[in-house]
Amino acid sequence: MALLLRGGRVVDPAVGLDEIADIIIRDGVIVEIGPDLTIPKGITIECAEKIVVPGLVDIHTHLREPGFEYKEDIASGTRAAAHGGFTAVCAMPNTSPICDEGSAVRFIVERAAAHGKVRVYPIGTITVASKGAALAEMGDMVAEGAIAFSDDGSGVQDTGMMRLAMDYAKQFGTTILSHCEDESLAGKGVVNEGVVSTRLGLVGWPSAAEEIHVARDIALCELTGCRLHLAHLSTAGSVAMVRSAKERGLPVTCEVTPHHLFLDEDALTPEYNTSLKMNPPLRTAADKEALIAGLIDGTVDAIATDHAPHAVHEKALEFELAPFGSTGLETALSLAMTHLVSRDDFSMSDLVRVMAHGPRSCLGLPTMRLEAGSVADITVIDPEARVEINAPFFESKSSNSAFMGTTLLGKASEVLVGGQFALRNGKVVD
Amino acid sequence: MLSTRHIIDVQDMTVDDINLILDTAESFKEVNERRIKKLPTLRGRTVVNLFLEPSTRTRTSFEIAAKRLSADGINFTASASATVKGESLADTAATLSAMACDLVVIRHKYAGAPRILTQQMDAHIVNGGDGMHQHPTQALLDLFTMREKLGKLEGLRVGIVGDIAHSRVAGSLIPALRMVGATPVVIGPPTLMPARPEVLGAEFVPSLDEALPGLDVAYLLRVQMERAEGMPFPSVREYSRLFGMNSQRVAMLPNHAIVMHPGPMNRGVEISAEVADSERSLVLHQVNSGVAVRMAVMYLLLGGEASGASA
Amino acid sequence: MSYRTKATVMDGEAISRAVTRIAHEILEFNKGAGNLALVGIVTRGASLADILAAKIAEIEGATVPVGTLDISFYRDDLATRLNPEVHRSDIPFDVEGKDVVLVDDVLYTGRTIRSAMDALMDYGRPCSVQLAVLVDRGHRELPIRADYVGKNVPSSRRERVKVYLQSLDGRDAAEILEENHKGGDE
């Protein structure tokens, strides 16, 4: 079956494209890109005033299945991904049972094949049960489809164990994704240590607790040669260390989340809004600016959502008791369109770099380009769509968004995964 | 009338609110000196003491205040509380709301808990201490005591000594002192200071001995000996040597200066027994003022609430 | 709400004469000042009590103990009206066994006096409680009457009766005020 995307602004810096063009897709593959194309029969999608980009990928998603299906499951999480413009997500392993062996990886692969709206790439744990004590069966997991390893949710505390894991992971060519948090420093911290911890009488989680692990893991990357990806960086110091590591040619990549890019600790008021409780916590305005600068100059490779759905009753607790995290899949693109693409120093090509190509290359996922012969994982964006972020907006089972109540400009209207519609006219295809 | 429906955070209040509470408390102080210490003022009103963290002193003070105003007081304490059985605070609040109580005093282990109550119920909420955040009625009774003993608040230099970082008492007292024109100074080891003391508006002086001659009030905080995760100073002995109030240090204070402590005291740690029992120490005075101040808070919150029409 | 004076019902001299007469009546009824005590209701009743005590001292040559009572905490209308300024009550004598004369400026619904009696009882058990007022304007809502009245002043509920005293207002007078706009009393 043929599909024609007609008259859209086609943007892909990987092939030097930013022009109005038509795209013909046949059997899930792009067959031709150029002006004034026609197809004898099939579906034509009018893309005038829209932007056509390589499919977006979120490399940091908590799909919650198995174990926490009341928060999210693979079906609802991938619906949310499609709604937010993503053609693929990487599923974090902190489920129950935890994804620390091949059979758990296979479960996710099979469930995603049956119920997923978009591609799902499982991430396995680094250590057994993410406890940091013994290596998980990485080879077993790679054989079943794991694409990277992470103990996300907590950092690997023991430096020797992290070194062992990085040395071991090298044989598979996979990336170690590090959650940077020194627990002896972060302790029971729930907000950035400084102004907000003092003002609200909450335990602080200092920047140094992240930066010490960033420095350590960069040193281990140098020692072991293992590919290292630093998850959800939140501080100016972390970005500076990654910048210098990249200058030295180390295989280090990193991501930042929309909430760390577009919110800072000043958002936390005596209302104690638990939707703003994140790990790592929201940092200062200066940190936020440093993250954006890192995104612009290429130090930061990817925007990753750290989509962390939680049920209403879980977030409706005392701030110190409520779980960390915000949902992110359905707001990330709109936030980036509203707050980044609107800037003079951030182009649509930059957006494609940090939301489509960057994420894939961080974790070594299959590349995708807007050129003939490429698999048709494509996102179509309506830059003028107004988005009200409220509970009914979400496809996710949870609505614990840090951006609840805001209005954004720009939203995915179509998502094609292997040439099949996951999203059409802004609606998830059932 | 108070400008706020709840007493949760000193910063929600105006200077007029503080003065009104202190002035009203004067009248209640007189009641507490009578033989029959009971007023019919809040007859038929229900005051719930929701104490989800153990506290005998504060709970008793609120309880006496409610009883002296003839309110029906109900105690809901941690050991008996449903939170232990897994009910959330929001559900507890909804339950109390369904029982139509008029005022809830909440003491809770975590900062911000009183806000959860305001979202779930119409009752007036009084913060009886939330985590490391605030304890506004303690600050009010401290101001009351200082005003009573020193005749004014404006211009006073008040040294708050000890564990500022974990103290909700300091969390309320520091902004309250600033609002009434006094100067709070925080004194103690750097490991007991919040990350950014200037955010609270207090000057940090590391040495108690240097600070003493300039103080009108030496306010000693309780050293939290029960802390689980390692002490932030080498020993109680060393703390006492550097920051304990003893007779020699009292002698370094100006003659008019007073010594205060929110209680319960660790005698021989932050305050010597000799100082605690001396004329300079107002510890029991603070407790006495506490009842009057809490009566004033309840009276001002519950009185006149059906108004709106001109008086 | 603003008021304007409709009529002056007592001037300084009339007040002075009334106070003198009340002082005589109190002494006569109680057979002297021996067991007497005066308790004025804040604020004008308290001033009147002082004036009465001075008058009694002048007539009898005896000092009568005087106290003041703030009845804010005893009001029955707390739910709708909060007294913005609460004063300290001050009863510097034991009321137990005394013949106490409550003193107020204007007697109206009787609710203030009921509150005052409740408040007084919390200090002890007087032998008797009597009531002296400068003006009785009627409209009682409770079975309360004054034992000593300066002047009975028929008034409308829509009006206000206001007493001015030298010590507080710089002049002595009792006036009927009426509203400039519509609205309730006080």
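Going by the order they are written in, the chains are A, B and C; count residues from 1 in each one.
Just so it is clear, a residue touches a chain if its C-beta (ideal position, glycine included) is under 8 Å from a C-beta of that chain, and two chains touch if they have at least 3 such contacts.
Note that this is a predicted model, so its numbers are computed, not measured.
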Ask   = Farthest from subunit C in C-alpha centre terms, which chain would that be?
value = A
Note = Ranking chains by how close their C-alpha centroid sits to the total C-alpha centroid puts first chain B
Inquiry  = Averaging over Cα atoms per chain, report the distance between subunit A and subunit B in Å.
reply    = 46
Note = dist(centroid_CA(subunit B), centroid_CA(subunit C)) in Å evaluates to 40
Request  = Quick one: report the Å distance separating subunit A from subunit C, using the average Cα coordinate of each chain.
outcome  = 77
Task = Any chance you could list the residues of subunit A touching two or more other chains?
result = none
Request  = Report the residues of subunit A in contact with subunit B in the complex, numbered from low to high.
outcome  = 187, 193-195, 197-204, 206, 270-272, 313, 316-321
Ask   = What does subunit B use to touch subunit C in their complex?
value = 1, 20, 23-24, 26-31, 34-36, 38-42, 69, 299-300, 302-307, 309-311
Ask   = Which of the residues in subunit C end up touching subunit B in this complex?
value = 1, 70, 72-75, 78-90, 118, 122-124, 183
Query = Tell me, which parts of subunit B touch subunit A in their complex?
reply = 8-9, 11-12, 88-90, 108-113, 115-116, 130-134, 168, 171, 194-197, 199-200, 229
